[in-house]
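Each of the next two complexes has chain A plus one more chain, namely chain B in the first and chain C in the second.
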Partner chain A sequence: MIKLIFRQIFFVLVSFTGVTLISYMVLNSADHGANTSLSYWQYISNIFKGDFGTSLVTAEPTINSFLLHLPASLELVLLSSILALLVGLPLGVIAAKYHRTPIDTIINNISITAYSMPIFWWAILLIVYIAIEFQLTPVAGRLNFIYDIEPVTGFMLIDTFISDQSYRMEAFFDAINHLILPVITLATLPAAIICRMTRQTMLTTLNADYIKTAQAKGLNGFGIYWIHGLRNALIPLTNMLGLQVSTLMTGAILTEYIFSWPGIGKWLLDALSQTDYQALSTGILITTSMVILINAVIELLGFWLNPQTKSSKRIYHG
Partner chain B sequence: MVSVQLYSQSSAQENSGLQSRWAIFSSKSSAVLGLLILCIIFILSLSSLFIDSSNTNSLSTQLIPPSWHEQGTSEHLLGTDLLGRDIFSRLLEGAPLTFGISLLSVTFALLVGVGLGLVAAFYRKHVQLAVMRSMDIIFAIPSLVLAIIVVSILGPGLVNAGLAVAIVLLPNFVRTTISHVIEEMNKAYVDAAKLDGATPSRILLKSVFPNVAAPLTLQTTIALSTAIVDIAALGFLGLGAQAPQPEWGAMLAEARTSMHIAPWVVTLPGLAILITVLSINFFGDGLNRIINNKMRH
Partner chain C sequence: MLLQHRFATSYAIFIALLCLFLAGCDNDNSNLLSQSGLVYCSDGAPDNFNPQTGTSYTNFDASARVIFNRLVSTNNSTGIIEPALASHWEMSSDGRSYLFHLRKDVNFQNTQWFQPKRLFNAEDVVFSFNRQKDEQNNFHKQASGEFNYYQNMGLEKNLRAILARTAHQVEFQLVEPDSSFLHTLSMDFASILSAEYAAKIEAQQQPLKNLDKFPVGTGPYKLKKYQQNAVIRYQAHENYYASRVHLKNLVYAITPAPSLRYARLITGECDVLTNPPKSQYELLSKNPDVNIYQKPGLNIGYMAFNTDKKPFDDANVRKALSMAINKARIIDTVYGKLGTNTDTPVPPSMTPFHNPNIKLPKYNPEQSKLLLSEAGHNQLSLELWVLPVQRSYNPNGMLMAELIQEDLRKVGVTTTIVSYEWNTYLDKVRAGEHEMALLGWVADTYDAGDFLRSLLGCTAIKAKTNRSHWCNLEFDALLNQASLADNIEEKIALYHKAQELAVLHLPILPIATGQSVMVANKQVQNLELQTLGGVSFTDVSKVAKDD
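Entry: the complex of A and B
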């Protein structure tokens, strides 16, 4: 385990070096901005001092605007992950339980359609039919302009809730209303993937000998599917969930763009369209490093949960 | 924009003939339907390259609804957009862009990825480690962030978007190749070939590689569906195909301005993407059944 931790730390360090090279390249691709006469070593030492550069567009330190936009993205991504798990996991178990029946077929077809759905189109359909036709939800943004909520944590649900304004509950429900469509948009693809993966791992698990033993001992359906089956199916799932961090990030960029959600994704795209290479390179550096770090932690967690994966990993890690 | 392997993969060992494979494939009607639609899309996108559709914009034909709508006309099957262009012929013109560029990036990623994978599996040790680690870094970067990196360095455009997508897809091909080649290398038939005196490179290319072809085919179909969604997403964001180009994602972005008054303008290009990707995934599901079935016997 210690060896694995060191190996993982080494990999993270190598990856960070690779990522800084890339972000340095992005910084220097601005041929019109004569500001970047930084050498790579200066760039690195500046980062260690916490200086990620200053945006030429907003004249703000780029790290500040990154941190300003981060909570909006986290709020969206966290809520979407929860929704995706709440929908995907039970559907996957149900599909596995009713394997080779119409229920399995229906769930399978829904999940493959959701999986094939281009999420930017899905978002537009939701906007056209739910927000515009039936006016059930707002079209874009995080909160109605009539509410004046002081940003404390940056998480709109928390900020409206702890606000001391008289309309704080109205603002709170307005924030929820604004979250509905973006969260559905972002949760759809991960939910479909989780559903399919759960179904697959459950089917494999249910064929295992210990399940047959449990059945022979006379355990009932609930115990087998939800306790024995799901618990063991979750182990390979945690490994695969690490891959979802990337998927969620990509989905979040598209979702934020469509719903004008003021998070990291929209900030990155705005920086690109304004050719703000300082902001762009900071954004790329931090988001990518975050994903690498989260993946490394999840992988270690997987090893810790299930030492079996060690041997199978060794096949391609040499 | 998914970088996950949905289908469990296995290697094909025995050659059980085309007929039995087709029987397994066609036992699921969705797989056959997927294949059929894919063929139609392929033919349509090929033919639209040679047919000169005179699709001019005119204000007199602005925003005509599809033909099944009360106000629709038979002249414009799927209606027209804000600039009066026929949507059906634009979708046809867009097919070689969205579908064709995706196909090209997948081919590129397949060739480079398999090449890198074979080199890594052949030399093992440090070469393999270097290849795996650099692929891990690419894999860790979210695909859209990677595309943003490519576009910020090379500038927007359909070709650059295709290149970005190819880079995104690369790690999957390298990983599939390496892990399956190494798995096969441990099998008895490789030992037999070694005893026969075959050189390592001959074993790799003549004995092992054909058995890796099945999981690679599956990987290619997964990659194609990812590529189409990615290319369209980049077009939609204005990073890929640019506005007047009828690439499906770029069409969707253009149509957003009129979505309040003409929902069909945004519905149709997305539907084209969905149908294409869905057919590829159904087709992939069928392929997966063939490969899995062979594993069991």
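Entry: the complex of A and C
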């Protein structure tokens, strides 16, 4: 295990070096004439000191505006991931359980449709019908403009809840209302992927010998599917989910753009349209590093879950 | 089996709770907060909150019309100058000096960044104008002397001095008499700032730009918070001198995309928007939940003939070309309900200065052909320049140009359409490179001279706003008499005469005046369109949703 952790750290460091090299080159090749060119080592040591440079447009440290926009993105991505898991995982298990029945076919068709739907088109469809036609949700933004909520954590659900304004609960529900469409938009693709992967790995797992042994021992349906089946199916699943983090990030940029969601994605796109290379390179550097780190952590998690790499009494082992 | 039940049950409860949560969000209407606050979907972010340095409507809408007042104001329906911060005034017999008597009961706003210790007085007036006039003033230097309106309105040369006679009397001394002087003082750039606040900024050695970033005025709303490029929050000024302010909160939601403004209005996130594009205007006019307010703006879309170039130096050719153009069709196709015809260079909305008795030569292609051949032009090949942007005075320049091209083809004139990027276009037109050009003008004051002098005056050729380069001494004499006229009847008569002359010579073909349009949901009460453009929420209130 220790060896594995070191291997991951080494892998992260190599990737990080690569990313910083690229962002350094982007920064220096861009003809903006703002800062006299730093050497790569200065650049790196500045980054470790927390100095990512100042924006060419607002003249503020780019790291500040990054951190200002980060919570909005995290709120969106976290809630979408939770929704994707809540929907995708059970559907995948159900499809596997009812393999080759109409239920399986229906779930399969839904997940293929959701998987192949372009996010832009799906979002606009949701806006046109749910927001404009039936007026169930707002079209864009994080909170109705009328509410003046002081950002404390940057997470709107928390900030509205802990606010001392008399309308805090009203604002809290309004924040939820604003989350519905962006979260559905962003969760759709990962939910479909999770559903399909869960179904696939479940089917493989259920055919394994130890499941058959368990069945022979007389274990009932629930134990088979949810404990033996899903627990073991989760192992390959976590590894594959790690790869989905970058998909989620890309989706988040598009979602933020469509719903005027003031997160990192919108911030990056604004920086791009204003040719603010300093902000752009900061944004790319940090988001890419974040994806690398998350992948590493998930990979470790996969090792930890895998009974072949860790002896644990909690795991039923055929 | 028990375990399976427990899992399934908890999952079901979780989903049920989630649904309950989401359902809870529906009862957001008819609460007190949304009744006491109004959200305006504005189309751009202001550069600061100072109307002295600003030149754009975005700036004035966010500063002059909410935070500040002026000495005098223009009545929105009659256009007559009325008292504001000055209760009354006297003009000296030679017209070179104005003495303003100030109100003694005007409070400046109490804000997070400044708590006024005294009421409004003459010092504030002197400071507000000296900032723009006095090159030694620190706040003048801080703004790098960029006071465009102050300079454009001629005050730089004509304002000799501003003197506080007593604590509540201010004298303005002019170099030359100016009959539009009161109109000038009603303009946004003439807003009154707090001298006490400026002194405090200097004394505390705060950055001088704080004066424009954290404004303090006497107006109906005070600034609370500005989130760059996103939201401007105002609160009611509880001691506003002129009236009780009904809305506790006023919010400008900065929304540059027209489609998002539209969607936000429909879904109730915004209460008001302005100047929707034609397609959205048509949808909104069918929507039972909104009120549309509109009236002709103080602007004019026109076509200039460059009289420096042949054959446009010939008044008969200009007349013939004007007669060939089917204006009724242009107004129908290009403007629809967003514009009205105008036959003179002063739009009909500017009553009583607009001369309603003047008619342009009637649309008559046959007569036009005849006139052209009489002038010796059987084969003409001309250039028509087109503005590349959408403006209220011309919502679709290219379409208009194509219609004109087709009309002129019918009388044997070949037209080439020319267009450049907007700033290049303006530069080239200012340089006089054009032949015929589609252009527009928006008034800043309620004075016909604004249109006539800027578009057709001889001096305006040098100032580069007269794009026909037409100079007529009789016409200029009429304008000069009008600016010196003692009474309004005389002034009206002179302006009417000047319009006759302009239509007789036709250096420009007046086309239409664009509508100012404001759309608001039905909860919004007492919204009034501003004749001189921009928005004002001073007297606005909101009622509960009736559903």
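Observations on the model:
Just so it is clear, the second predicted complex is superposed on the first by the 302 of 318 C-alpha atoms of A that agree within 3 Å, B and C clash if a C-alpha of one lies under 4 Å from a C-alpha of the other, contacts with A are read in each partner's own complex, and residues count from 1 in each chain.
By our rule, a residue touches a chain if its C-beta (ideal position, glycine included) is under 8 Å from a C-beta of that chain, and two chains touch if they have at least 3 such contacts.
Note that the structure is a prediction, hence the values are computed from the model and not measured.
After alignment on the shared chain A, the placement of chain B and chain C results in a side-by-side fit free of clashes.
Look at A:F145: by the touch rule set out above, it reaches chain C but stays clear of chain B. In the superposed pair of complexes, A:V19 makes contact with chain B only, with no contact to chain C.
Working from the superposition on chain A, the chain A vertex angle toward chain B and chain C, CA centres, sits at 90° in steps of 10. When both complexes are overlaid on chain A, the residue A:P262 reaches chain C alone and has no touch with chain B. By the touch criterion defined above, A:F6 lies against neither chain B nor chain C after alignment on the C-alpha atoms of chain A. In the superposed pair of complexes, A:S116 makes contact with chain B only, with no contact to chain C. With both structures placed on the common chain, the touch criterion links A:Q135 to chain C but leaves chain B unconnected. Residue contacts after overlaying the shared chain place A:Y40 against neither chain B nor chain C. By the document's definition of touching, of the two partners only chain C reaches A:P90; chain B does not. In the superposition on chain A, contact is made by A:S246 with chain B only, not with chain C. Number of chain A residues touched is higher for B, counting chain B against chain C. The superposed arrangement places chain B and chain C with a least CA-CA distance of 5 Å.
In the superposition on chain A, the residues of chain A touched by chain B in one structure and by chain C in the other are 127, 132.
Those residues of chain A whose C-beta lies close enough to touch chain C in the complex are 58, 86, 90, 127, 131-132, 135-141, 144-148, 167, 170, 173-174, 176-177, 180, 220-223, 226, 260, 262.
For chain B in complex with chain A, the touching residues are 1-4, 6, 8, 30, 124-125, 128-129, 132-134, 136-137, 139-145, 148-149, 151-153, 175, 178-179, 182-183, 225, 229, 232-233, 236-239, 249, 252, 256, 259-260, 263, 266-267, 269-270, 273-274, 277-278, 280-282, 285.
Per the touch definition, chain A reaches chain B in the complex via residues 11, 14-15, 18-19, 22, 25-26, 29, 109, 112-113, 115-122, 124-125, 127-129, 132, 189, 193, 196-197, 200, 240, 243-247, 249-251, 253-254, 257, 265, 268-269, 272-273, 277, 280, 284, 287-288, 291-292, 295, 315-318. Every residue of chain C that touches chain A in the complex is listed here, in rising order: 1, 3-4, 7, 11, 14-15, 21-22, 24-26, 28, 31, 33-34, 37, 39, 224-225, 228, 230-231, 233, 249, 251, 253, 260, 263-264, 266-270.
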